[in-house]
Structures are given as structure tokens and as C-alpha cells.
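The next block holds one structure in the form of C-alpha cells; read it before the comments.
Note that the chains are named A, B, C and D in the order they appear, and that numbering of residues resets to 1 at the start of each chain.
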Amino acid sequence: MKKTLNIANRQLSSRFFLGTGRYPNPFVQNEAIKASGAEVLTFAIRRVNLDAPMEDAILQHLEVENFTFLPNTSGAKTADEAIRIARLARASGISDWIKVEISANEKTLLPDPIETLKATETLVKEGFVVLPYTSDDPILCKRLEEVGAAAVMPGGAPIGTGLGILNPYNISLIVEESNVPIIVDAGLGNASDVVLAMELGVDGILMNTPVAKAKDPVKMAEAMKGAIEVGRLSYEAGRIPKKKYATASSAYQDLML
Amino acid sequence: MKKTLNIANRQLSSRFFLGTGRYPNPFVQNEAIKASGAEVLTFAIRRVNLDAPMEDAILQHLEVENFTFLPNTSGAKTADEAIRIARLARASGISDWIKVEISANEKTLLPDPIETLKATETLVKEGFVVLPYTSDDPILCKRLEEVGAAAVMPGGAPIGTGLGILNPYNISLIVEESNVPIIVDAGLGNASDVVLAMELGVDGILMNTPVAKAKDPVKMAEAMKGAIEVGRLSYEAGRIPKKKYATASSAYQDLML
Amino acid sequence: MKKTLNIANRQLSSRFFLGTGRYPNPFVQNEAIKASGAEVLTFAIRRVNLDAPMEDAILQHLEVENFTFLPNTSGAKTADEAIRIARLARASGISDWIKVEISANEKTLLPDPIETLKATETLVKEGFVVLPYTSDDPILCKRLEEVGAAAVMPGGAPIGTGLGILNPYNISLIVEESNVPIIVDAGLGNASDVVLAMELGVDGILMNTPVAKAKDPVKMAEAMKGAIEVGRLSYEAGRIPKKKYATASSAYQDLML
Amino acid sequence: MKKTLNIANRQLSSRFFLGTGRYPNPFVQNEAIKASGAEVLTFAIRRVNLDAPMEDAILQHLEVENFTFLPNTSGAKTADEAIRIARLARASGISDWIKVEISANEKTLLPDPIETLKATETLVKEGFVVLPYTSDDPILCKRLEEVGAAAVMPGGAPIGTGLGILNPYNISLIVEESNVPIIVDAGLGNASDVVLAMELGVDGILMNTPVAKAKDPVKMAEAMKGAIEVGRLSYEAGRIPKKKYATASSAYQDLML
């Protein structure tokens, strides 16, 4: 793909944002990251040793200069908690990019719309590059853009469920109305889910569990990398319209040539 | 993909079977064929000049030794008509492979199950390599295998509709019960349809309209080639199970790390 | 509903065909039959004592003059077996209606298209009123009509799965092309499946497991009776078209009044 | 149905909330209202003459004592506007029930989550019985309950689209987590959509366009009334589980009896 994705003036040649948790072991994690081609890596701040972040098990195996780090605020139940985590991350030198992820629901980990909007607004004012994880509510996604989100990240389904894109219509609406990149984050399971998301016009995919918990995570990372590229290509190539019948008497002749 | 597809003792490194009709012009057709990586090409016998087939507009631009030709019997309304077309094709030296395609319904071009089974049985006995286009009826697909089909080709949806795989459950059953390759033929529209088919475990894809009538057929040929590869890779990598909730109290901790 | 369903010159005021197997006990079975309002009852011939059919546990509790019996040939793996069962049923005086049900696949019990067509053709010639259970292959359904089926009964999904209508598109095509009543038979689970089938324009529903194995079979029989009536009413009332957006600037005013 | 729906200590024997806009004429509107059995009627405040509400064309034909009026704030783009409309409605003596409906998006009329929460909170404090129209975001629905909504009304799809329940999973989650009645409001098209909603466990349905714009609005009102009752009955009766195959060797015998 020639066209790159631009977020906060950073040019990304990969549209794949990869989570770093839940892999069977650090070796597989590292190989999967390489196979994915991802340039943006996300991880929970809590997991990282903030005093010496570069000694973290994840980060020390990577040539860190090749990656953009997108720490997330998972575990935060309120805007205040998320804001505090973001400030710690920046203070420790990891990144001024932050994925706002706020949930008070331990069963579904679905994001809180009110707290997410509040934290996004505050962190944007403090100079962060903010990418909020949100529900697929089209109006909320627009509000997040309006308060300055660098990209908006609606979920396809709840985290880790693998249910795919439960509401393609909403994702399509969000894309139509948006002026910032839309990254589908959470809930995907399969490569066909990824391709469908890209064909709906989204700009990128954030994924963790479907790669980390696949039977072969490295091969799945490769598949998902390909799926993002194929989906984008298909989107650009312009699909045929759906029809109830392909044929009328004339089209029948056409088919027969 | 290392694993190749074996049909009638021919090793195919591509799982993409491409139709040659309906392209805007011969140049685009040729470029799309190249971009697709397809090794098997299908076309209606009626279109080809049977006296001098290699002078046919389609075929003369290709290095024919690189391809397996799969002429089809489209236009046939009965087993007898299909058998006659198959014999003509073989007599003219094009191929002893034949795609049985029989329909008496001009609106949908859906295949006739009875005539298709009859023609398949006869042509197998005459030494043809027979690949019948059929509905997604799992029992019929099994019957076609039992009478000697080299591969069975259920449709995802009616020809040219772009509706995708209307009944993934049936395709999945067909794969489970089959001992010959299953090629999804007809009805697909998008790259995500292709990836889904491959993730259901089918062995290959036959496609024409979604490539030939895309806004950019050459780019779409490339997308579909990638989709088949990505779908196979994803199938082999082993997806995560779908769950209603990803998290229980312990899994919550896991996610939080 | 005022309009009645006419099959083989019998006027049915109910569009519900009910199976009599798998109920927890004869009392519940009997109450469910009453609650369903069904006028046509189906059962496997093997279960009935053919020497004295009216002493059968099922039948003796019913005022048999109120019902049309539709014995089925389940258990038959070939046309010949089905034909033999049908003749036994007629000879014993149960009915000259017969539901042709032929499957050689014990896992799915999906009907064999070839044997089903053969048995239907033969039994029609012998004067039976034949209602074949078939896949949702639209061409096969048309062939069954052409050999004289009094009604055609495509499955929504395999027997007993409760998966609903896996391919509404096919059911819709079958209805469009048909000149005999279409009864959806097998695979439904819920009342919404039934309403959807009726909204697609089918003429009736045959059901057993979803009623017999519900937590409360009698209440479910009542629900399904209502679902068939509601679905028919909705079909007749003419639904609004689906739109991507309901509103344009003028329609917005309309909504606001 | 014996169980009634209780909202703000009012016992409703119908679970159908009907909108009064967009009918072809007042006569059809009146007949449809009667056929629906609805006890709660909703309408835009702007349409009603607030100085003499009982002279309004809609209301004067009805025996008003039989209905609960649920005026809505449609047209409001902010919480402040909605609050103002609600106060006017109460001051004019129509009702102290209010459907909060706030949208700044004229294309989709999707509700604004932030403003909706704000208006709900304020109006509850002022003693209104508040029923907010909201997206199907499960966390937002819970927040609306927490600030005192008497019932929560997630949309199945955007108003007037007839697309049905785009995300049944979310509706199911909302029901699971809720302690107040859940009323599906907006986007439904067909009776099967209504039955499905009820089978997911929702407590009621609010609908306008699918009735008012049906080919036969009065018949459709009757169908939708039935659909709500049938869906509730089916929900209570307890459906069979979905299975990939209904049969194992033993179950096969069972089916055969």
C-alpha cells in the first residue's frame, strides 16, 4: 500500500496496531510483533516498570526506535484514574501518545462514554496525542473527534470475545462522519473480520487477543498483517454492487457471451 | 502457502480459479489474470472458436502453457447439452477438464441438481476431470463426490449477485463431510467473503464478476489473490474461540496483568 | 386470518403443521396440540402400530376427525424405503397424505435430493398427496412442484438444531418461483424465526422439536400459533422499506411535524 | 399476558408504546391506535398546541383518560433545549412523563449520549418520569438508570430506517445488566424484529414509522400488537438451545422413535 496513515503528524506505513499482552511467552511475543509489521505497540501502563521502562520484559527485546508506543490506561475506572496513568506514562519517558481505556464493568470491559470523553478532553489540553477506545456509538465518536482525539477507536465487540464486528452499519456511519482516522479496536476474531472492517473504510486495526491467543500466534500475526493490506486494497479497488439477481435477459446474454 | 492444492494429480500452487468473461477489454483482462496469480482459467465454450481455439481473443494473449483451462458448460439447460459441450471442448483440444454448469433458470442461473449429477456421472465415466458447479446442498455435494467429481464447487450465492456466502453453515458442513477439494464458486462480492470462505476450510475460490466488474479489476484481482492466501493462513493459524464475555474475575486480572 | 391455506383441495384454517414426537409425556403432547391450533399432525410411521393405528398412544387421545394426518417416512434412506412406508401408511387407513423424508446422513438428517424427487414422483403417480421435506435449493423445490408435490417443504436449518432460517434469500426465491404452497419445515428455534419465515411469504410452518423440547411446551405451542398468525398479518400489512437513513432535510421536517 | 409492565408505579397491560406521527390521516391514525392496544402514546411537543393541548388533532379523537401521554423532546439538539421542552409539556398539563430525545445529527437523528444523560439527570431531579431514547451502548444505558431514568430506551437502528435490531448482542447485554424496564425504541421494521427484541428479554417496544408508513397501518398495528405478545410468550416459554447437529447416535433413535 502506498498511502500511509497519518496520526498526529507521524507517518505510519502499517495500519496494524498490536497489543503486547497475553502471549504464551516473550519469544513468541517478539516473533509475532515482527511478523505483524506493526509500528505502533500498545500495552497497559501498570505492567511496565515505570522507574525503568526500557528494562521491561516486552520492551527490552525490541529495537525500540522502530516503534511508536501507545500505552493504555486499562484498569482505570474513571477519567481521573486514566488521566493520572497517562501523566505517569509521559513522565517516565515512554510516550506522549495515550490510548484512553476506561471501564467500570469488569464483565465486559466496555468503555464508559462519559469518562472517556472527559479524559480525552483533558489529556488533549495537556498536549497528549489521545486515541480513545470507545463504543461504536457514532455520535460519541464524533464528540471525541471534536474534543481533539487524534484518532477514534470504536470496538467491534467487547474485548477478547472474538465476536467480530457486531454492527457493521455503525462502523460505516462512523467512517462517513469522521475527519480523523478510525481504528477498530477490540472484539475481532478472524482475518475476515479484519478485512470487513477495512472494506467498511476504517483506517486501521488494533488487536491483541486474536493474535496472542491463536493456536499459532506468529502465523496469525502474519495473517492479520495480510488481512489489513488486502482489506485496504479491496476497499480501494471498488467492489461490485450487491443485487438480488445478477441477470436480466440481456445480462444473461452477457454472461453467456 | 507451502501446501498446494491437488486436483486430478495436478499440483496447483494457487487456490484461485478465475473466470475470463465480462472484463472491460482484453488488456485489463490480461493484466487481471496476471495479478491474480491464477493457474486455472474458466470460460464458456460457446465463446471460444472451437475450430481454432488458440486464436481466441482470450487465449492468444496468454502464455497458455502456464495455465490449466477449465471450460464450462454455461448455457446448457440439461445434462445432455452439457455433455455435448464437454465433448466438443475435449475434441477441440482445449482440455479434458470440464466445469459442469447447467441451469434452466435464466433469472438466477442457479444450477439444476438432478441434471448436474447426471452429467457429472456420465462425464466421469468418459474420462473427464469434472468439477461441477452446484448449490450448497450438503447431500448433493456428497453425491457429486460419490460419482467421481474431482472437486465440488458449491455457490456462495447466485452468479453475479455479490451477496457473499449466504449460508456459511452449509459450506462448513460440506467441508466437514468431503473427501475431495471444495471450491466456492459464484456469488462472492468482496475480499472479506473470500477470506471467510477460506476460514471455513474450503480449498479454493472460483470468481469472475467481482474481479471483472470491480472499479479497478486489476487491483481487485490482486486483492482477491491476497484474500485467498490470508484466509488460508488464518485457517491454519487457528482462531480464538468466540465467547459471550472474554472475562471472568480471573481473566480480568489476566487482561490487566 | 380469513384466508385459508388450500392443499389438495383441503381447506386449512391453521397454517401450523405440528410434529407429535419428543414431548415429555402424552398429556403435555395433547395439551400442546390443542394450544397450537394445528389441523395437520405429522408422525413417523414406524412409531405407529400399523395393525391398529387408532390405538396408538398419540392418536387415541385426540378427536381424530378434527385432524389431517401427515405420516412421514423418516428413517427411510432411499426412495424405495420411503415408497414402501407410504404404501403401508395408506393401506392401514391412516392417510393418503405423506411427508416424504429421506436421509442417509445420520448426523444431520438432511434430505437426499435425488431420492426425494424420485419418491415424490412415484407416490404422486400412485395417487398420494405428497409433501416432500427438502433442502432450500430453489431449483430442486421447483422440480418437486413439477412432478406433482402438493406442497413443498424446505428446511430452514437441519432438524432439531434450532438455528432458524439460515438462508432467508433462498426461502424468498423459492416463494417467488412457486405455484404450490411452501411450508418451512425443520430447523427453526424461536417465534421470531417463524414470523420471519411468514414475512418472507411462506404459506405455513411445520415444527416439532422447538415446541416439544421447550421449557414449557404448551406455552410455546401457543406462542408459535400466534407467531404464524402475526407473521402472516405483517406480510399482508406491507412493511416499510429498509433505508440507510430515514431522513433527508425534508424528511427531517416530516419527522418533526 | 398476565404479567404487567410497571413504570413509575403505573401498571401497563400493554407493552406497546406507539408514536402518533406520520400517519396518512387522522382517521387511520385513530384506528391504528385502537388496533395497537397501546396505552402509552408518544408525540413531539412541538406539534401540539401547548395553549390548548386537548384540542390537538391527535388528542381530540381519543378518549384521553385511557392513555398515558409520553411527550418527546424531538427537535432538541442540547440538554437545555430538551429540558425547556419538558417543562413546557408539564406546565401545559399534558404529562409529567417525558421521552428525552436529543440529536444534533439531522441525517441519522441518533441521540447524543452526553446531552441525553445530562437532561435525564436534571429532569429526574425536577420530578419528571424520564424515559430517555439512547444508543445501544450498554454502559450508557446503565448510567441512565443510575441517574434515575424510569425506563431506558435503546434504539435497534436509526429512526425510520426499518433496519431492525442491528446489534442483538448489545440489547441482550443491556437487559442482563438492567434494573429498570428496557424499551426498544426506533429502527424496527417488521414484526419479526419486534418478536426478536422481546425474545431478547426487553420489556416493551416503542414504534412509529413501521406502523404509520406500512401499506396498511391499521393491520400493521394489529400485527405489531400480536408480535409483542407472541415475543413475550416465547421468551417465557423457554426456547430450545441452538446446536450444530441435533443428533448423535442416540438422539437419532429418539427422533425415529
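Note that a contact is a pair of C-beta atoms (placed from the backbone, for glycine too) under 8 Å apart; a residue touches a chain by one contact, two chains touch by 3 or more.
The structure presented is a predicted model; accordingly, all values stated were derived computationally and were not measured.
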Note, CA centroid farthest from chain B's centroid sits on chain D
Nearest 5 degrees is plenty: how much rotation brings the CA atoms of chain C onto those of chain D? 180
Roughly how far is chain A from chain D, going centre to centre by Cα mean, in whole Å? 34
CA centroids of chain B and chain D: separation to the nearest Å works out as 47
Listing for chain C: what residues touch at least two other chains? 108, 163
For chain B, which residues are in contact with chain A within the complex? 21-22, 44, 46-47, 74-75, 106-109, 158-163, 189-192, 195-196, 199, 209-210, 213-217, 219-220, 222-224, 226-227, 229-231, 233-234, 236-247, 249, 251-252, 254-257
Note: in the complex, chain C contacts chain B through residues 103-105, 108, 110-114, 117, 135, 137-140, 142-143, 157, 163, 166-167, 169-170, 173, 177
